[in-house]
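Order of writing sets the labels: A, B and C. Residues in every chain begin at 1.
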Amino acid sequence: MKFFTLVWLVAAAAVTVASGKDWKVIRFGVDPSYPPFESKAPTGELVGFDIDLGKALCAKLNARCEWVENDFDGMIPALRARKIDAVLSDMSVTEKRQQQIDFTDRISYSPTRMVAKAGSSLQPTADSLKGKSIGVEQGTVQETYARTYLEPQGVKVISYQTQDQVYADLKSGRLDAALQDLIQAEFGFLKTAQGQGFAFAGPEIKDDRILGAAAAIGVRKTDTDLKNALNQALGDLKKDGTYQKLAAKYFDFDPSTGPQP
Amino acid sequence: MMMELLQQYWQQYLWGSPGHWSGLVVTLWLTVASVVLGFALALPLAIMRVSTRPWLAAPVWLFTYFFRGTPLYVQLLICYTGLYSLEAVRATPMLNAFFKDAFNCTLLAFTLNTAAYTTEIFAGAIKATPQGEVEAARAFGMSGFVLYRRIVLPSALRRALPAYSNEVILMLHATTLASTATITDLLKVARNAASDYYLPFVAYGLAALLYLAVTLALVWMFHRAERKWLAHLRPVQPDANRTKP
Amino acid sequence: MLLEGYGPQLWAGTVETITLALGSLALSFALGLIGAAAKLSGRRRLAVPARLYTTVVRGVPDLVLMLLLYYSFQDLLNRVTDALGQPQFDIDPFVAGVTVLGFIYGAYFTETFRGAVLAVPRGQWEAAMAFGLTRRRTFFRIIFPQMMRFALPGISNNWQVILKATALVSLIGLHDVVRAAQDAITGTSTKGGYHAFTFLMAVALIYLSLTTLSHLVFHALEVRFSRGFQALT
């Protein structure tokens, strides 16, 4: 194994030195269970804020976008295995993730908030949720949060492969609450017909270390050129108003600063 | 990184903690429970299946046809997602309470599935009972329940052993689907570990090794059972007394 | 309409399922022949790895193997292409699915073919040798056609298993019929409650028709291959 790694490193170095990659095709990894950021229309096509943003970025970079669907918890391994070139799936920037990959500049502010049946008195604390079941999507920062602070105190934390499975079990009554991105919950669930009878429970949860403060595009640590190119394009999109236009299509606030309370 | 994964997760992989059982223990429990319940169901069903009366045999045939002709994953989804979405189920308190629990749904799907396969295995074995044995038993005045209990079933169950041992092992492997219904079995723990440490190969590899170990143990167990109960079918050893042509 | 307009998606998923199953059948069939040949060759250098292959692959649940191989496969290929200095070779998810399933069921086919070859009467080998045929000629012209007759029940069985195993590929991201049904359920989750049940039963019926069709095809094949022989009960 060690020998092969050495050969691989040498060859990789040779290859990267010899020919810097020209990003004509960028493969973005998405988990389309997270409207309005990314989801699937009934036709099977991918839609959402991240999708539109990605397309705009590719246009700016004169590259072709390829969308690769992947489970959220498999995003970073897929990125490292070079199945994808970038993660554009409302992924929060956390210290733990930064040990594995690099992130571009912030795309959207992403606080966390709990959802439960309208009128329930549940709070996102271990005391309030003791003995109850709370659902999270596997691989998300909310899962880490729940497992770190809630599970040891006797709360049942159940993780699902996709976010819509979380909502499905929340609606059917198998879960008492669900923990996810605030914007996603508001625009992707509560404000839709699906989310009738449910509401936010408790305030926004802040924890910079585990939950992270912002979402950005994830790239491999070795692809600094891609990161810089994406940052440049992102800056351009903000300057010429495209970013704001796309945001207005999905949200009623500027996601780069945060929702108005 | 690998050592940290092992340190943090080893206990969850094996048994978890009281009240939060997980990993291998849950997998084994699911396997044993569904196999035992499936066996109990299959015995009467197999007898019905070989019956000459169509009103007994046909429903059982339909049952095994459905459960053997569709993937277990689809059956599990029907139990977990499909049935619970029906208003009729949600309205009835007993059904609602039953299907609300993920473990119940999983066990139900597994039990019905293994019952279907086992029914066919036993039915085949019963049908292969040597005619002579049955005739002799009837000559002694045995019939119906006694005939089955003393002659047909002991003989059939032994005959079914190789195929049944295969089915039990397949059931062990099938329990991995429980992880898709949020049950914290061995595969779910591996998935958690893989997602936490970004080391899918290590996390799933550990699970694979544990499954392999249990499978080999089961194979050994059934081998010994076959040696004991199918001793009469062992290949004839070359006889030193054989006369030369 | 009962399927709420998701009919085309279910159909597309079914086609994907069938193509995936056929592809995996082809690969596992080939791997099975190679494996059986290795096991029967009598040479330890071939037989031992083959034995390891069948024991490990049949001893680990297919879902675990799928997840294991799916993540490692691209990684392994990357290392190989890097070592050779070639640009990265991207694996299509479909190809990955076929490779993984083919690899897994190759082990089951190895056992099927091994049993089938052993079932051919020893006399056939001896007669061929008496005629001076080489081992290879003997295998392809004498043994193989006869072996197929014994192998058919096993092949039919493995095919049914592969067909049902394709339901698991939705868990590694492929767009098969189960994934199509799940998307349909999510898409219709705002309306009424019974849609989940309907879509899943539709999928069950699709699989049921596929297995029934396969059963009929294999029965016909068995009849054809048993011409001149007493039918195997």
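One rule holds for everything that comes next: a residue touches a chain if its C-beta (ideal position, glycine included) is under 8 Å from a C-beta of that chain, and two chains touch if they have at least 3 such contacts.
No experiment lies behind these values; they were computed from the predicted model shown.
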Query raised in the report: How is the touch graph of the chains shaped: line, ring, star, complete or other?
Result: complete
Report summary line: Two candidates, B-C and A-C; the one with more touching C-beta pairs is B-C
Report summary line: Whole-Å distance, C-alpha centre of chain A to that of chain B, is 40
Report summary line: Taking each chain's centre as the mean of its CA atoms, chain B sits from chain C at a distance in Å of 22
Report summary line: Separation of the C-alpha centres, chain A versus chain C, in whole Å, is 36
Query raised in the report: Which parts of chain A, given as residue numbers and ranges, touch two or more other chains?
Result: 74, 77, 161, 168
Requested in this report: Mind pulling the residue numbers of chain B that touch at least two other chains?
Outcome: 81, 85, 90, 180, 191, 200
Report summary line: Residue numbers in chain C touching two or more further chains are 71, 75, 171, 185
Query raised in the report: For chain A, which residues count as touching chain C in their complex?
Result: 4, 7-8, 11-12, 14-15, 33, 40, 42, 44, 69-71, 74, 77, 81-83, 161, 164, 167-168, 171, 192-194
Requested in this report: State the interface residues of chain C toward chain A in the complex, per the touch definition above.
Outcome: 5-6, 9, 71, 74-75, 78-79, 82-85, 87-88, 90-91, 171, 173, 183, 185-187, 189-190
Report summary line: As the complex stands, chain B meets chain A at residues 81, 84-85, 90, 100, 102, 180, 182, 191-192, 194-196, 198, 200
Requested in this report: In the complex, go through chain A and note every residue touching chain B.
Outcome: 73-74, 76-77, 80, 100, 138-139, 143-144, 158-161, 168-169, 172-174
Report task. Mind listing the chain B positions that touch chain C in their complex? Result -> 65-66, 68-75, 77-78, 81-83, 85-87, 90, 172-177, 179-180, 187, 190-191, 200-201, 204-205, 207-208, 211-212, 215-216
